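Two complexes follow with subunit A in common, the first pairing it with subunit B and the second with subunit C.
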Partner chain A sequence: MAYPCAKESALLEVSGLYTVYPSARGMVQAVRNVSFAVSRGEIVGIVGESGCGKSALLLSIMGLLPSPGRIAQGQILFDGRNLVDLSEPAMRSVRGKEIAMVFQDPMTALNPAHRVGEQIAESLRVHGGVPELAAGDGGQARGAGGFIRRRLWKRGLSAVEERRYVIELMRNVGIPLPEHRHLEYPHQFSGGMQQRIMIAIALACRPKLLLADEPTTALDVTIQAQVLDLMEEINRITGTAIVLVTHDLAVAADFCDSIAVMYAGQIVERGPTDAVMEDPAHPYTRGLLRSMPVLGNRKPLQPITGEVPDLANLGPGCSFAPRCDLSEKVCLEEAPSVSAIGQGHEARCHLR
Partner chain B sequence: MGHVSVPSDELYKGAMATARPAESARALHRRGTMRRLMAHGGGRTGLIIVIAFATVAILAPLITPYAPDAVDLESWLTPPGLESNHLLGTDQLGRDILSRVIYGSRVSILVGLATICISSVVGVGLGMLAGYYGGVLDRLLARFTELLLAFPYLIFVIGIMAIMGPGFCNLVWALSFKGWVEFYRLARALTMAEKNREYVDAARALGRSNGAILLREILPNMANSILVLGTLRMGNMIVMESSLSFLGLGIPPRIPAWGSMIADGRRYMLGAWWVATLPGIALALLVLGMNLLGEGLRDVLDPKMMEG
Partner chain C sequence: MIRLTRTQVKIAERILATIPLALGVAIVAFVFMRAMPGDPVDIMMGEGAWTSEEEMAALRDEMGLDEPIHAQLWAYLKRVLAGDLGYSMIRSRPVAEIIREALPATIELAVFSLLFALAVGIPVGVASALKPNSFVDRAGASLSLLGVSLPAFWLGIVGVLIFSMTLGWLPTSGRIAYDAQPAHITGMVILDAIITGNLPALGNALKHICLPAVTLGLGVAAVVARVTRSSMLDVISADYIQFARAKGVPEGEVTRRHALRNAMIPTVTLVGLQFGSLLGGNMIVETIFGWPGLGRVVVDSIFARDYPVVQASVMVYALTFVLINLATDIIYTVLDPKISL
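Take a look at the complex of A and B:
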């Protein structure tokens, strides 16, 4: 494979990122001072409840924040470039080609008007084919000019090569009879199969990083496991790094090398999966673990009481303090800073 | 469609459905739409009428018994019937009405097609831009279209034709000048709905540009609605063309058009009803066919009925 197995060098490094949405009630700080890194070939899980800023974080990385939202501060280093500074056309050549995204609901994320094979092929054509498979123009051709060149001069893959590649890709993501099914429309597939097609589309250009936004939330539990297994296999075979955003700590614990727990726009705890699961340092992480059902355990679940704070109107103290059963005076008055717990394991809490 | 020999065992049916050859899967889909249209009573009738008119219009020089402008004063106002050589009779100048009605269909269909093509391209293009980007462009177009819609269509076109004078191209431009507004409004509304769908986000996440998103992602999803609107509007355009020709503002008198034929025949209505009535029946029939076809397409292309 073209990817080095070295896991040390960071592929994605987000540091001090602030994402804000101006609104009538004031600045909504969707992402606050978030820093984390993804090494090549690593699987990182970002866990948190809805509204904690997981999606805003992903969209910031992709440069796809819906308009009034913007990145106020911080940098996103990807493969040596700061994505925050890239122009829109430069960013477009990163999207899909180097960083691909898998969405939550494949039913709505696939275009109902196109055959699935065509959609997979199209994601190749956007970036002028696969560098390893054809000379192509290496994704240099963009915009209308590139579109015409690719169409008329047939740079990139020929139609036959393209179809062969699409069928191969569909087979690799576990779709039976790909040589027939590539001509079918999304609605003719089940949810799990649709998500496999989304993954095939995301993988078509062999990205270095795959962002998965709750990829299994819309699927049955049995299918969830299959899709996660597929992503794990892709990670193992191609070395594609994966950022998995989920609200399900159990999924993240099974699947990820390291975990970052987000609360109210901040990463409150991050570290290697084993360390976080065995020795959760932040009260919120512990709360998540306690509210997780365990098979065979008949003790009642303990929910985290209270509500997520208003991100437009944050107090001076720790944002979790109002819901925290351990909170002290200092928690309400002063925002906690990050403290190290162990090797690569840190938490944002006064009580450590 | 021809049936391939399928094992009688019900269990194989599913497997056979997925294992059908690739090319015929494509054909099957296309046939699916056609089959449903033919199963739709109104749609079938409309399609047959429209195809019949189109065929006759295309083959006009081959099937007309006389030249449409051949004057034969000796047999003027011949009533329709089999005893004379004029199946549908003649007009006040002895011109064969069948030939003139056939040639008139060419004018009506051409004006309708040209107007719909121009209107839909302009309207859909502007509507998609306005719906997708919004902002100043959208507001300007909104005011402009409101202005256009404030005039009654026919009065508006009569005004333009009075300035520009009769003529085929002038008529097409005059009709298109306001005809695009309906397409604009439809395309704008559909684009505003479609642009918030997740597949647009997914396309953006793949590095697709805005232009590609509009043309490749959004447009295919509204093609059906545009087709239906186009078919329905074409009937209207044909009526408009005939109205203007009736008033002498549309097609110049030397070209046979249904509207001007009705106008000519008006004076002989009591003695020779056929001169005005027969082109009128042709007009009504074609417009009926277009509307039936449009409604049939609307029912058939409903996405909920898509089965592949």
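Take a look at the complex of A and C:
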């Protein structure tokens, strides 16, 4: 299941990425010098607290940074192409087709005015039909309704074929009675089912990479595990690589092959999950682990004190230094560079 | 036995519910008209008239005005329930006939004003929301302010001055040239012209309706533009818009299929309310442009204390409001699947 950092088969390779948002207070550096790679079929977790630049990183990859945000520097290599240089139409054919995204809150991310089946089918229509599906009984949609639908929406895909594929997708993500429920609207589904629909939409075109932005945060705890299991199963069966963004280190530890910990727009530590969890090299990672509740442990949790630095106004030193109980003089004066800890395991800390 | 769906039953209920409402409106209109000083006979004969008291009393007797008010009301309600709107005291014609003649002209004008308002207001609102603070947005905001602030009587007269008197492009008043009238089918000359394929009549009628429709619709266009802009701004920052982009949906389709449909709900509310007032509040515009609609009939009838005509017109206004509200509610259910009747 794991594909440890095999550079030659990297599906996504982000290097030296800087994403900035000009604002009245100055340039907000949401993503600073971020480099990481995702191999085919790998699950990578990006962990960090709110406002650390996780979402900005995902939106940079998707080319969907809200104005006035922009990528200032760096490259995003995906399957041999640099996404930063792609034109908008070229990027649009990557979005949803090769790289799909699952949003945090399915309640607000599904369009309330369209039937869920239609929303799943829309991805197919946009990208020209059912992927890798044998052209068998195409064009069998009968009746005026089918005809009109075909005329209006279809590009190389019959309405019947499309519906069958949509129902199959819904069944695959574990929605009961998809034959009926594809005609329902998002508000008729529970939060967990809505998230499954969003995953079905994301998977419709069989993307090579799935970006999941806190896909379980808006769900009940009992449903979280189900959704994660579903994503794991998809990864195993289809080989879709997944980038899971979460603030929950425990989720990442369970689910991911490798983990990158983000703090103040930078990746401060990354490596295979086992290495990071067993031998956390960066004080921030250790802080996150200490602030994680463990069942049966009666000792009080140790939160990380202090606040996240202002990304528009960063000092010269390590951005975690003001909150770090180990910080020394050098930490406040000089930005640390990346140092190797072990096989594929590295951290951005002066003390290593 | 006809089987009805739940929605159809609800619609039928709403329509039936208008009957007691209409009666209530009839009573209110009746009472208010009687509360106004003077009666049709006074107005007809004028002040200090030559007519003798005996002649006036005879006239009142003939019109039934000498009966006690409650008896008059009772008689009136009985007639209304039987479907008889009565007889105009001044025009000596059945009220139903007067309304049947005037209402199509008013509906036609209201519909064209609304079409104008939507055709201008929605695109301006959407364009303003897509590029806030752009030139289009600022220009739209200024014009909207102008559109709501300019009173119809001023706008109408200036329009006539420019387009009719100076440029000579459009007629000053009226609905259609006398010699261009199409065959009478619905009473709405534009619709009749289209049905009969009478192109000269269509052109003539469209020329006549331009100025009054724009005069009446400009204020509505301004409000539609503002409301569409603000609801569109809300919607385009919604997650599902970003999600649609993440699916690879082209920007134009994101706006049309995903944003506009959700943004239209407040606009529909507004349009429902505005359409009611376009139908019922166009007395000034109809007077300026000599438009032979219900608004003018009502104004004339109020001045003449022509009780039956005013009462019937008020009922028509009330019913159109109710029906427009019903139509608005039905459109909601189409736009937002969470809403049902």
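By definition in this document, the second predicted complex is superposed on the first by the 321 of 352 C-alpha atoms of A that agree within 3 Å, B and C clash if a C-alpha of one lies under 4 Å from a C-alpha of the other, contacts with A are read in each partner's own complex, and residues count from 1 in each chain.
In this section, a residue touches a chain if its C-beta (ideal position, glycine included) is under 8 Å from a C-beta of that chain, and two chains touch if they have at least 3 such contacts.
Source: prediction; values computed, not measured.
Aligning the two structures on subunit A places subunit B and subunit C in a clash.
Of the two partner chains placed around the shared chain by superposition, neither subunit B nor subunit C is touched by A:Arg270. Touch counts on subunit A: comparing subunit C and subunit B, the chain ahead is B. By the touch criterion defined above, A:Ala109 reaches both subunit B and subunit C.
Once the two complexes are overlaid on the shared chain, A:Leu177 sits against subunit B while remaining clear of subunit C. By the touch criterion defined above, A:Glu122 lies against subunit B and subunit C together after alignment on the C-alpha atoms of chain A. In the superposed model, A:Leu64 lies in contact with both subunit B and subunit C.
For the contact definition in use here, the residues of subunit A common to its subunit B contact set and its subunit C contact set are 62, 64, 92-97, 100-101, 103, 105, 108-114, 122-123, 126-127, 185, 187, 198, 201. Remark: subunit A residues 62, 64, 66, 92-97, 100-101, 103, 105, 108-115, 122-123, 126-127, 185, 187, 198, 201 touch subunit C in the complex. Put simply, subunit A touches subunit B in their complex at residues 62, 64, 92-97, 100-101, 103, 105, 108-114, 122-123, 126-127, 142-144, 147, 177, 179-181, 183-185, 187-188, 198, 201. Every residue of subunit C that touches subunit A in the complex is listed here, in rising order: 238-240, 242-250, 253, 257-258, 261-262, 335-338. Subunit B makes touch with subunit A in their complex at residues 18-20, 22, 25-26, 197-199, 201-209, 211-212, 216-217, 220-221, 223, 303, 306, 308.
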